[in-house]
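What follows is a pair of complexes built around chain A, which joins chain B in one and chain C in the other.
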Partner chain A sequence: MSEAVFRTSPTRARRRPWWLVGISGGLVTAIPVVLIGIAVILIAPTYYQNLAATAAINLVIVVGLQVFMGNSGIAHLGHSAFAGLGAYGMAILATPLMMKRLSIPNAPFGLAQVELHPAIAVIVTLAVVAVVAVISGRVIARLSGIAATIVSLAFLIVVHSMFLHWPALFKGNQGFFGIPQVVGLPAILACGVAVIVIARLFRESPNGLQLRATAQNPQAADALAIDARALRRQSWVLSALICASAGILYALFAGTISPRIFYFQQVFMTLAMLILGGMGTVTGAVFGTLILSIGLEAIRIFESGGVVAGLTLPPMLGLSGVALGAVIVLCMALRPQGICGPKELDEMLSGALRRLRGTK
Partner chain B sequence: MLSVAGITKSFGGVHALAGADLECSAGEIVGLIGPNGAGKSTLVNVVTGFLKPDAGTVSLNGREIAGFDPQRISDAGIARTFQNLRVFRELSVRQNVEVAFLRCRQLRPEKAMKVDVDALLEEFGLTALAETPAGSLPYGTQRWMEIARAMATAPDILMLDEPAAGLNNEETERLGRTITSVRDRTSAGIVVIDHDLRFINSICARIFVMDQGKQIAVGDPAALWKNPKVVEVYVGPDAAA
Partner chain C sequence: MEYFVQQLVNALAFGSEYALVALGLAVVFSIMGLVNFAHGEVIGAIAYSLLLTASVGLSSPFLAVVLAVLAGIAVSVALERVAFRPVRNAPTTTGLLTAFGVSILLQNMFQLLISPRPQAFSLFNGMSTTWHLGPYSVSSLQVMEFVVAAISMAALVLFLNRSTLGVAMRAASRDFSTVRLMGIRANRVIAAAFAISGALAGIACVFILARRGGVAPDMGFGLVLKAFVACVIGGFGSLIGAAAGGMLLGFIEVGLLAALPQEMGGLKEAFTYVIVTLILLYKPEGLFGTRRELGDKEF
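Right, the complex of A and B next:
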């Protein structure tokens, strides 16, 4: 060890409290989302408006996924189940009675006669999801590594089966239509910014830091009396609520939902987004979603075939699925920390600023 | 005060501990030495809850804690470092120490008031490295950081498993001075395991010598090296005769 190690810095840098780091860092991370969002709202045609709305909803899911997976280090494959619960909660509670008479006339628990204002339906839905998350979280938190991942996958399948095979409540395989479409791109973007800040606040909080420590060295965390199970439970519930919010937004944006929207396709697309960006940071979640949303749209052009740059291409259906798989495999093999690396955007920026000052 | 008596632990017929004893009072620095395989690290792992003892008692300030899990033992006031380092690699040096402090503040707020993360970093020469990811530090620096991290839990007893391993003479001396000053400042009891006898002699008032899973001698450094049993274990039977 060199002498330099024992040199003490003359002034102790004043450090900001964690909640200030969380809020300001979250807002900095959200800047690209806000800029792209405003540009789309102002100039893009309707098709791209809808595309951006879907991407922003995916962003909420990916950020929700990051809250659990990025901090606990446990791969999570069941997050879309919570998105689905959020969406179906809105469908069941907020759809006008007239529509419900057509879709779920025999709903149990008297739900066929219930029509709540969307805002109240949101609160009730989130409360129900919270209960489901607390119960499932107790199981997940006891496990670690691969066992927890498999249980999260089982949870996805159970919830999906429930949507499919309980038509009296969920309308089964067919689309559930007639949900009030009261949400547009601006509201979805605002929610995206909010969850980015919430995710960052959790990451920087005393509990978030402790959870990250358990992921990096469980024994050392044990020796510091850190309660890994309690922290996993907390992040699981927070993650579930964020993912459910995405489902709620989707239902209120699209007006029609069906079980397959919240299944493997969505699970793996959002997982690929998080892995591509880097699951350790909220920045990774944001940039992974931005890059892959744009990338997948570009691939869709090739998928349908046609003439590109003078070349006549055959239709290549399923190309986007292949691309998703390739993203996951290549990232895991070449850059497991994701393209954004281990630092948040604001940390990278302030580091770059310091280097810039230092070289002057 | 930590008081350990008659601990036994076997792994599939091998008696790693066969009635091991250990004692450490507040403000005391105790050495735990013995040849390779004597059971020193096993004893630390039993005391800190990472292994369950087959029999025996561990009491801390009069409270029986044998067989508790590591979290509860840490909460009760025993901190440790690891022979094979266990750092939170992607967290910064400051965060490694801070996370211990934050947990202590949740569990024992009145004790945590005595802990100052910045002062700890300063004390262990880590201030300039505070923002560096712990995983990129040299091995020796990670050792210093582990001790600082353990102290951030405001422990009553600190157990250091080979803290001087891999340090050169000058660094070992500095480590000895730091351990002594930490003891003076906090009046924690400190148990030090090491192979470096000169290091142990220089900082410990009392030394427990282990061989084959139990204590064979205990005493202050001067008396201990006149004990024929200790000489036999360390130098060989011929020299003792």
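Right, the complex of A and C next:
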């Protein structure tokens, strides 16, 4: 009898292992990023190359946000804190000693005398972020939905006020400059693709699937003996590491960082990107970032004022913020799944292919 | 002793302000499960409408207080109608993110339409004088803040216990569908919750303006974050919890301010949030919340 049950589900036999789905699906999802990236590298002027690099860094943050928020269903507003920790980790570890004597001469723990090769600094920074993430993850995973969101917000504020009010180590309100600029657009894009594949791998893995189940129906997941807390902790740490790598990339790309970059402005923007695309899928994260990056750049032309198409416009500060808010509100009201819907890009493509074959 | 009394009054005043705002959040949350991030922008909208009426000639502070409460009710109810009704039956996260979006939208609208810079507002400056109560001198504003907050909370309790609508609201916070089966209009109950929340925001706004003497686009945002924390400590959705959480937060902040050395004053926020997180670790459902209540709201 049990054999009969097995035989009635033919899709079961054809299913590929999850890691294969994750890797191939991730690569398919990353195709638009790669295509646009190559086009920009080949033909765009430097100004647009820089814009594309910033957008690609935002993409990494949004994907990192998706790993926790999309799978666990808990709104996460503290991801920029991890990006900030990553960036400041690089600033403190990799900045040349001569620059450090100007910026943080009295750094505690003997950090004023440390100058690591960027590659080693990346590893040390990620290790430190992992420790912070494991500790904060234990707190977050204990709390239920709203309390977890508020604590993630509290985490953002705690980290930000540490950046501001511990000038001996973080240089306070002023920008931290002189970080070696060793990363360009191609490297950032490569990281973006890698991160997309990692996010897909997590989503398709047994743990990712179980975590999504806890988000959909906590009681049923509980009844199946799924440990929601442990899974939330895992995705929190992974999400933190991805966001931190975005911060690391930003520091190594821009060379200058300040606390303001990693605060509410960035939280709003990346959140709007994820919601626009749809937080349930990595595809949503990718497309949301693409669309909103381009849209915001168009809006910034109006924001700064000046002459557009023969019309003289006054500067309209806050216009991009209004657009971000409107995107979030409208998406939530009209299409809470986001514009990409509940399916990943490769699933949509294979579905379309199957339908084509079926009609033949 | 003098110092102690002053700090006590300080803590009570801060606590009342947080409690007023936190109650505004809790009233809405207890009924429709909405985490209203946009509450701070309701406060902002009230402040800007007072600023506008003052610039066209309003000069009576009493009239301004009435206007603040009315504006709060109007803005809050309007937001419910426009933004929150479409997501009323959606999961908590959807409502939370919508409210977050509304908050960003309004904050930037203030920037765009009025000014990104703070505007001076001096109508309530007369409220702040020094009173001599026996041997102690205290700020009149702080005493008034505490007294007014206590009166409005008492009024709220009276309303919730004695009026039909109030009883319906309390019942709705337990089980909305049964309340609707009793023939009570859902829209009316929810509008009433938003109206109360707006009125409380109006009262809070008067004191914020009197203390700060100015209006800025993000004036409500930081305050609402604190009020959220107050709600979470007290147990989200519990009205007593919100009031108690607000008071506790006021005491934590003033205590830290008094205890921390001068050069670490900037870290007050960080320490506050760390303490709050520790409280939550000890009691994840908040001081006055229960597991069952949280479970009901989640699903």
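In this text, the second predicted complex is superposed on the first by the 340 of 360 C-alpha atoms of A that agree within 3 Å, B and C clash if a C-alpha of one lies under 4 Å from a C-alpha of the other, contacts with A are read in each partner's own complex, and residues count from 1 in each chain.
By our rule, contacts are C-beta pairs under 8 Å (C-beta built on N, C-alpha and C of every residue); 3 or more make two chains touch, one makes a residue touch a chain.
None of these values were measured; they are calculated from a predicted model.
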So, does A:Asp227 touch the first partner chain B, the second partner chain C, both, or neither?
first
Touch test for A:Gly280: chain B only (first), chain C only (second), both, or neither?
first
After superposition on the shared chain, which partner residues are touched by A:Ile299: those of chain B (first), chain C (second), both, or neither?
neither
One more residue to check, A:Met162. First (chain B), second (chain C), both or neither?
second
Report the partner of chain A that touches more of its residues: chain B or chain C.
C
Figure out whether A:Ser144 sits in contact with chain B (first) or chain C (second), or with both, or with neither.
second
Let me check the overlay on chain A: which residues of chain A are in contact with chain B and also with chain C?
219
As the complex stands, chain B meets chain A at residues 48, 50, 69-72, 74-75, 79-80, 82, 86-91, 95-96, 98-100, 102-107, 118, 122, 125-129, 133, 138, 140-141, 144, 149-150, 153, 167, 171
Provide the residue numbers of chain A that touch chain B in the complex, in ascending order.
1, 4-9, 12, 206, 209-210, 212-213, 216-217, 219-227, 280, 342
Residue numbers of chain C touching chain A in their complex, please.
35, 83, 86-87, 90-94, 96-98, 100-112, 116, 217, 225, 228-229, 232, 236, 264, 266-267, 269-270, 273-274, 276-277, 280-281, 284-286, 294, 298-299
Under the definition above, what is the set of chain A residues touching chain C in their complex?
73-75, 77, 139, 142-147, 149-151, 153-155, 157-158, 161-162, 164-166, 218-219, 268, 271-272, 275, 316-322, 324-329, 332-334, 336
